[in-house]
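Okay, so chain A shows up in both of these, paired with chain B first and chain C after.
For the complex of A and B:
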């Protein structure tokens, strides 16, 4: 059961690496030429090309790149002469800290709000639903701006703290989780196994806890995997707004400077994360769900 | 649920009529009038270079919305064409599925950034990058929809009557895909608006001074404490547009869902 997803995971990753490699080697204008164009120094450019191995035939560069990647070496930045791995390792903790906290908030607040809005028909639940729907639609960069402003007025600067960004980003993810949980729980309300549970006289409390929630929360595993990938990918925006020098800012600076090896390294890491998390969520869901497990 | 649609049409019209409605040149700077609060002369105030915020917001809608529309076209075109190809030419299906899986292995914003690195910053580049980053998802959803359609009896009947493949694709499949495509286009437009405004905000979509909601938000954020109006107008404009779009697609979705349920119920009764 684990072999097929694992094989397709490896195939997808290999294709992603290959595409990223050839896209950045074949399509653009020559990065090295651009770097030395101002200085008009062909000798230095040739030397730099040789250092980076760009004078070798393309297939040889590709083979070398794959081998290096397997050893955790994603090349050298075109501008700072440091290795991509080093740069990422330096910036990653800040991004992980923010994404981790936001994910905790998304799971906790999102699941409780989703279950609550599915089961309660009162006015507070309706207001909460409206709030969730609005939050879901508002762009995160706008909420972040407003949050920074209000906190700035109330307490003064919050430069570098993780609490506010985690709250803003986490609440946005929580809105997405809550919407899904609400629909999923409501869908189980009409399912046969819930009717059976009620029919055999199980108290409503237990019907909800044992049957509706357990089945309704299954899709959340997948959504949380997706959300954590988005949190990492969206770091570009949050980190630039909150001025946190994490992996997102590294990526943005590299895009602006057209530092290909760094862009390639960060994007591939994001793709790896995204694919692995999704596959893990698939497998995990299959393990949890007796219907899929037996199929 | 007429309100979101009316508001959306209103926003579109305002953006279209920007040249007629804008009281000032959106690019004209007046350093002596910088960061003026809203007044009779400048209805929404001025920004840090003394440019009229109202005029810039109107012109910005034109730029931002057309950028998102262009991106949506870049997402739908390869998505729908690829899906039609995958369903009409089964030999290609396996390869295309692999391609889509790889496509979807990249988070959209990261993929868009990778593509912008290839082309260099600029409006057309951002539209292309944001659109293509969304194309894989479009292809996958359309392929599933088309496969379901291809198994319908009227398509099988057309095939049995010897209709040509392209005739079936054009007349039956594309037409049948329309309801799905409408909702999908709305959702894709919403993603594209979000992502293209994000890339403008990050300074990747062309000139720094150009009137664009994302760029205005980025500029306005710098002076937000002293002059919140400069960021408030573009921020609220993006937010309102996204709210209307999501309300509309949600509604469309609910509507289709209800109709399916009604149809299922109807057929169950007919069968009984």
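For the complex of A and C:
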């Protein structure tokens, strides 16, 4: 029963790695050329390429790469000569920290704001809805640049800190969550089971928590899983704006420098995370929804 | 809701700047670097950032005096050069100890030369600095001679740079080529503490340092004890880090930020000229219409460099007129005002070359082809701002500039290799103008002008071999004149590194190469 998802996971990863392997190599030049260009030292560059096996035919490099990968060896950076696993191990925590904090904020603020805007008809709730809609509509890089600019000028020294990027990215995800929660709560508000719950005299607090939220949360869990995948993938943008040296910045630098092994390693990891998170979302949905579980 | 608020507070407080740790007891400063680097092994890597840190961790056999720029004793107390310029013999100091407690001697120098010359090391810069060095002989415990395969007068210049800094052979033996950069051991005024990639490099004062070059004074009472280097890749964040107190010294500020800091009594702006080649565009003489000298000259006349320096660099940089900056050796002042802005001259040259605006679209053409110049534009050094102005200035002269932006050096190299460019911007730093050879000799590895002429080759070859400065001077003067007569480059501005520091930091001095601070005498006031 687990065979099918596992096979599809492996296929996805193989495709991602293969694409990354060939896409960059279509272009001429590599990180080595740039390092030794000014040194006027073609012999040194050639020796370095030979050491790294870059002088071999492409299919041979590809085969060797896959074999090494199966042994857990993701290769060596052409730029810094450090191993790809070491580089990723160093950068991944920074990305996870940012994505984790942002996700916490997205879930906490998003669900609260969603319920609040669904149930309250006051002016503050309307203003909040407007704010959520604006946040939902503008691109992250716009908010990020604005936040970086204003906070940077006010307090300064925000480079590398996790607070501001987590706040910006988290609020964006929160806006998406809040919109979904609001709709879900409004939809369930008129549902039969909610009327029944009220009818049997349950306090409103419990009606919301036990019945409306539980039913409304289904799509939210899906969305949060997608958001976390998006947060990992979107790290390239947020990390380059906030100059936070996580995986995203690692990937960006590696692409610019044509540092193939690093690009391949990061793409592989991102593909893995993406696929696993999506599968996890399906599993959670099944746990929360008795109908799917039974089916 | 309360929990949410708490989360908010936690998240936002993460933004608060780190507390200023430069207390009286610690005497610690944070020094902002710019790029994050591929590695910081001076014998292997070529970046400038490593030199900013390690100039104070290593001593070199010789130094350049920061004031006179002359070569002065370092780890070598004296040296002689054979009459044929092939053998350099160094007498070494006998009182020098590495940070790991081992002693410095001729064997140590040999081990370092061996490491740099070994092809397995993959040296990107240090090997080049040693030029035609072929072998070395240990004469006695404190004497070593270096033998060249051909005369190469910039050898002492190379041995004065941190990239040939002398490391402890014990440490070199203990760690492999990849790991040594995390455990560096030199003899300099500061010892290496740690390097955490993308994060920080820390160095701490070496209490035993007593063999420094003559220009170092003994450290004062307020001398800085520990320095943490951090990376600030985004130029816009650099001034903010200074102002918030997160860093006390910062390099490569944006000109506008430097202007603002100059008006703030809490900071000192310290512009340092970096000798070498100015920021310039190489003109590709292989691609029409730049194979025509008149068109190349017309481009130079059409460029208002004063306006560019004023608006892009806020007046912080001198206008450059030739291939060698005025702060480098053997600069030829005869190039000043060559091709000064003169749009009438541009029109006259282009008309004589057969260009006219027959279709009245504002752009000149010849034989039906508009005068279009393709410019490779790297993203660094404010080059995009410069090309923007070039585009406007040239349009006024009837020339259309087509900008070809590249995100990084790898992409730039690819475009250059493909050859489909008219102009490409680049600059090199260095004091000895032998840096011209790779750029302007017909077989030079980075000859991006494509120019090939026997007279220029001969001038540059001979000038790099002669050891007598008086003999080198006229050759380099002629080479600079020739490069400008042929209009091979469009020089824009001399490179100036805009440093700034807290007013509490004093005695910050830079070596003559411009990039590298001499940190031994830096103090931090109460």
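Definition applied: the second predicted complex is superposed on the first by the 212 of 295 C-alpha atoms of A that agree within 3 Å, B and C clash if a C-alpha of one lies under 4 Å from a C-alpha of the other, contacts with A are read in each partner's own complex, and residues count from 1 in each chain.
The rule is simple: a residue touches a chain if its C-beta (ideal position, glycine included) is under 8 Å from a C-beta of that chain, and two chains touch if they have at least 3 such contacts.
No experiment lies behind these values; they were computed from the predicted model shown.
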- Item | First (chain B), second (chain C), both or neither touched by A:167 | second
- Item | First (chain B), second (chain C), both or neither touched by A:80 | second
- Once the structures are superposed on A, label A:101 by its partner contacts, choosing first (chain B), second (chain C), both or neither. second
- Once the shared chain is lined up, is A:3 touching chain B (first), chain C (second), both, or neither of them? neither
- Query: Can A:258 be said to touch chain B (first), chain C (second), both, or neither?
  - Reply: both
- Query: In the superposed arrangement, which partner chain does A:123 touch: chain B (first), chain C (second), both, or neither?
  - Reply: neither
- Note on the structure: After superposition on chain A, the chain A residues reached by both chain B and chain C are 27-28, 152-153, 256, 258
- Task: Quick one: which bits of chain A touch chain C in the complex? Just the residue numbers, please.
- Result: 27-31, 33-44, 47-48, 51, 79-82, 90-91, 101, 104-105, 108-109, 112, 151-153, 155-159, 161-164, 166-167, 170, 243, 245, 256-258
- Message: Please output the residues of chain B touching chain A within their complex, sorted ascending.
- Response: 98-99, 101-102, 105-111, 113-114, 116-121, 194, 197-198, 201-204, 217, 221, 224-225, 228, 231, 235, 238-239, 242-243, 245-247, 250
- Message: Could you list, by residue number, the parts of chain C that touch chain A in their complex?
- Response: 1, 3-4, 7, 11-18, 36, 38-39, 46, 119-120, 122-125, 127-128, 177-178, 197-199, 231-234, 236-237, 240-241, 243-247, 407-411, 413-414, 417-418, 428, 438, 444-446
- Residue positions on chain A within touch of chain B in the complex are 8, 11-13, 15-16, 19-20, 23-24, 27-28, 133-134, 136-139, 141-142, 145-146, 148-149, 152-153, 229-230, 232-234, 236-237, 240-241, 251-252, 254-256, 258, 260, 263-264, 266-267, 270-271, 274-275
